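See structure below.
Here the chain labels run A, B and C in written order, and each chain numbers its own residues starting at 1.
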Amino acid sequence: MSALGELRTLKGQQSTDKRDTKVAYLFLLPWFAGLFVITIGPMLASLYLSFTDYNLIQPPEWAGLENFQRMLTDERLHNSLKVTFLYVFISVPLQLALALALAVLLDRGLRGLPIYRSIYYLPSLLGSSVAIAVLWRQIFGTQGLVNQVLALVGIDGRGWISDPSTALGTIIILNVWTFGAPMVIFLAGLRQIPRMYYEAASTEGAGRWRQFRSITLPLLTPIIFFNLVLQLIHAFQSFTQAFVVSGGTGGPSDSTMFYTLYLYQRGFQNFDMGYASALAWFLVIIIGVFTAINFYASKMWVFYDD
Amino acid sequence: MRDSGQRPRTVSRRTFGGLAASAAATAGLTACGGGSGGGDSGPAHLRFTWWGSDARHEYTQEIIKAFNAENPDVVVEGEFTEWSGYWDRLATTTAANDSPDIIQMDAAYLKSYADRGALLDLSKEDGLDTGGISDGDLALGESDGGLYAIVQGVVPHAIVTNTQILEAAGVPLPDDKTWTWEEYARLGKAVTDAGLPDVYGIQTEGVQGPPMENWAMQMGETLFTEDGGVGLNPDTLASFWEYHLGLAASGAGTPVTLTIERNPTSSALDQSGTATNTVAFAPWWSTQLTALAKASGQPLVLLRPPAQSPGGDPGLYYKASMYWAVSSRTEHPEAAVRFINYLSTADAVADLMLTERGIPANPAFRERIVDKLSDTDRAALEYVNSIEDVVNPAPPIPPVGGSSSGEIMTRIGSDVLFGRQSPDAAAQAFVDDLTGQIESA
Amino acid sequence: MTTELSSTRRGAKAPAAVPAPGGRDEAPWPSRFRSGLKHAALILTAFVMLYPVLWMIAGSLRSQDQIFQASGLWVSDPQPQNYSDGWSALASPFGHYMVNSAIIAIGCILGNLVSCSLAAYAFARMEFLAKKTLFAVMLMTIMLPIHVVIVPQYILYSQLEWLNTFLPLVVPKILATDAFFIFLMVQFIRGIPRELDEAARIDGCGHFRIFGRIILPLMVPALATTAIFTFIWTWNDFFSQLIFLTSPDMYTVPVALSSFIDATSESSWGSLFAMSVVSLAPIFLAFLFGQKFLIKGIATTGGK
């Protein structure tokens, strides 16, 4: 990636490579303004609150490291970490693979592509609406559509949403179902690959699969990498889908209690915003570590043209 | 109090077309200057917030309009949303010292706000007039000797029963003055065994609070004590779970998956067994009858909950369905109290609200509206009147930290229904968890 | 779409053993068969993708007691009045909330396009002091869950007297706080061959002209992606709009939609579904017809 990748070239010549600083900061002016006026203040406030006992109504009271110590023994928190990791490591690869496959399929060469693309994108528009909450029950409920279909072939279904062992699965399906978002980014990325590469490969008699392997995939790596980083951050913060499907409970039996859902419950339902802030900053550390690993590993597989 | 964005509504809301809307919105976008000061001489601006769905939003705005017309020195402005967003917004605005002046309040959160100083002690305000609301009902809004909220409506437990299903299954309508849980299970089994497609006799419970509190009341217990502790005996809770596990196991009640799916905290009322005509008996708050009947389309009646023994205590009490409270940071306590008086006593309010916010606590309201009610609303009102001789005093409202009792019930109850914890161990865990929440709050 | 056509045609005429991707003219039988198979698979997938949406449309035409009792998609007794009821059920006609949402969405799109592309150019093409640190800070700002910053944000906006206006929703975008899009654009700019800027630099162009004349036109797909995402995210964003807009006049589509239902009282599902369909239609159409910008890539410019 850009900044970390640049570091290699920066090493040993740091003083000389700041040539663009003045004009670069001009380009970054809106971002600096946003950072200092809007973003930093509330972030620092929440960092401060993470060291306090704060019930939202009365002023916060300094509590030192108490909130962080509490995290060590909070079993519901440990469970929510487990749920979140499971979700991240199953749903992100699934969703990205599906998005990439369909982006390549829907890139060009078929009649009616714009319509297919739009239809496949439609679920992403709906993703978190109230309607989805009731719908998911109609589909995955004990007397829902899935079980009706299964009954036709003689299989006795179960309560997919209400059974703690399958509830998370339905949310993973919901997330994969909204693969339209990364698909759109892949589509845009595919259009950046010069056609002439394919033409040259065709002339040399390379098959479709070989073209995909040796042209599409390597040239798309910056975009794959972007989607990976983005979806990973998103998945760790995943809130709405579990909130909508479980009605905000994270149930049954905490089986869909995502980290941010737990944090939200602590903050807003239990009036424990100090602890919620501590949880949030711990999440920043987790996401930060995984993102850093991602960036570090990217040096080995992401191909930049520059 | 900020004043920006509070523009006088001079345009009729029905003719407020797209063009006017975009103009107003653009004005909103650019109105970043200093607040257009209301000044001391102008009318008092009050923000009034409630949760609900569109029917409630519509008539509540009519109420506001009527009040504003009668009180030219006050301008009440409504802010509404649905239940869960409502509490997020209230917590945020309260934290930022910007909470609305008049707040629709629920028993679960009353003490969380009152005991932390967010609400005004109305007993210390001059001019409070709540009409004929009884002292017992007013006490539902008390905390630590102060009066922090005025109850608007009350609502008792009931078993909503689908008579069409009973008829189809050949099961007679029971006598709810004498029936017991044993008979309840037997009738439920008979309905299920009749083999109507997808129909079960009883909605099995175990993950939501109200039926459990009804059960506890029958044992003479309440979830919370007057001094803010947990009053529930773990054995009582275990027996409640054992009974419902028995219903699911015998087939009299729905399978446990359907119980969890239809838990009202995570599922819409319209997706419930009663609303979809797939159970004959289910516990509800009596005023939900109208909404259920609309979704069901079949005849539904209200029965008293079964008792532990023939002719025993059905464990009924009047729960406050809703309160009005005033923010302790309001700049216009006098005007706010006047608005609360209006909500509690004005004829216009009675006519518009009917029983939509619970059976009115003010007896004058009940008399006034009885002839204006729909059949199901009247049935709910008559039910309330019919149980007066057996009703118990209301249990203490949840202490600070106790608002999470429903969430704990759902979580631990799911464990019990899925056999991950025994009822005994789970009941102890429930009491311990709730006690911990109260102590750490 | 013309660009796509011309490029496939070019491919079809290449003297290659490999059949051109979907060459339409005079396609031999096996290729036509394969494309038929592809279509069948795509249509089947489309149905699975669409089923929930179709169910919602069916629900928008059903009466309250049928919505959760009827199964399948067939509506035996359509109730089009759900649409008129829903449209006029709340304090203002539903169109009012759509206009509010549209104003916010357009403001956010413009803000994101300008501010994020400027920042992205700096990160992708320039060398400057503390670049690595700033990039890390930028990514960190999107790692903190909104629920713990909403209260401090509310206090901030309250002091700025921005509450109950669209400013708390739009100004942050103008100030590039959506770091996702900066990162997205950085990745795209790095895919643009550097020779192009080098050539311009030799011609004496400064950074602003390289940015405006070369980079911007070449990153149209990234800009389109940003526009689409910003639109949809703001159109669906419930939490911050709920918190910062308190007066019903200022309500947006998601907040208005949520007003149809309430867990504790009677809900209007027919109206909810009807207005969900109405609010979905513009985004769907925008996406259907806006795609040509998404797929207008460097491919059509010949590359290097």
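Throughout what follows, contacts are C-beta pairs under 8 Å (C-beta built on N, C-alpha and C of every residue); 3 or more make two chains touch, one makes a residue touch a chain.
From a predicted model like this one, the values you see are computed outputs, not experimental measurements.
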item	value
Pair joined by the larger number of C-beta contacts - B-C, A-B	B-C
Per Cα centroids, the chain farthest from chain C	B
Gap in Å, rounded to a whole number, between the CA centres of chain C and chain A	16
CA centroid of chain B to CA centroid of chain C, Å	38
Centroid spacing, where centroids are CA-atom means, of chain A and chain B in whole angstrom	37
Multi-partner residues of chain B (each touching 2 or more other chains)	84, 88, 92, 95, 265, 268, 271
Per-residue overlap in chain A, given as positions that touch at least 2 other chains	56, 134, 138, 247, 268, 273
Chain C residues counted as touching two or more neighbouring chains	68, 151, 238, 258, 261, 263, 269
Chain B - residues contacting chain A, complex	84, 87-88, 91-92, 94-95, 112-113, 116-118, 198, 255-261, 263, 265-268, 271, 278, 401, 403-404, 407, 410-411, 414-415, 418, 420, 437, 441
Chain C - residues contacting chain B, complex	64-65, 67-69, 88-93, 95-96, 99-100, 103, 107, 150-151, 154-155, 158, 160-167, 170, 238-239, 242-243, 246-250, 255, 258-269, 271
In the complex, chain C residues that touch chain A	1, 4, 7-8, 10-11, 14-18, 20-24, 35, 38-39, 42, 45-46, 49-50, 52-53, 55-56, 59, 68, 71, 114-115, 118-119, 121-124, 126-129, 131-132, 134-145, 147-149, 151-153, 156, 171-172, 174-177, 180, 182-184, 186-188, 190-194, 206-208, 211, 221-222, 224-225, 228-229, 232, 235-236, 238, 254, 257-258, 261, 263, 269, 272-273, 276, 280, 283-284, 287-288, 291, 294-299, 302-304
Contact footprint of chain B on chain A as seen in their complex	55-58, 133-134, 137-138, 141-143, 158-159, 161-164, 246-249, 251-254, 265, 268-271, 273
In the complex, chain A residues that touch chain C	1-4, 6-7, 10, 17-21, 23-25, 27-31, 33-35, 37-39, 41-43, 45-46, 49, 56, 105-112, 114-132, 134-135, 138-139, 145, 148, 177, 181, 184-185, 187-196, 198-199, 202-203, 205-208, 219, 222-223, 225-226, 229-230, 233, 237, 239, 247, 260, 263-264, 267-268, 273, 276-277, 280-281, 283-284, 287-288, 291, 304-306
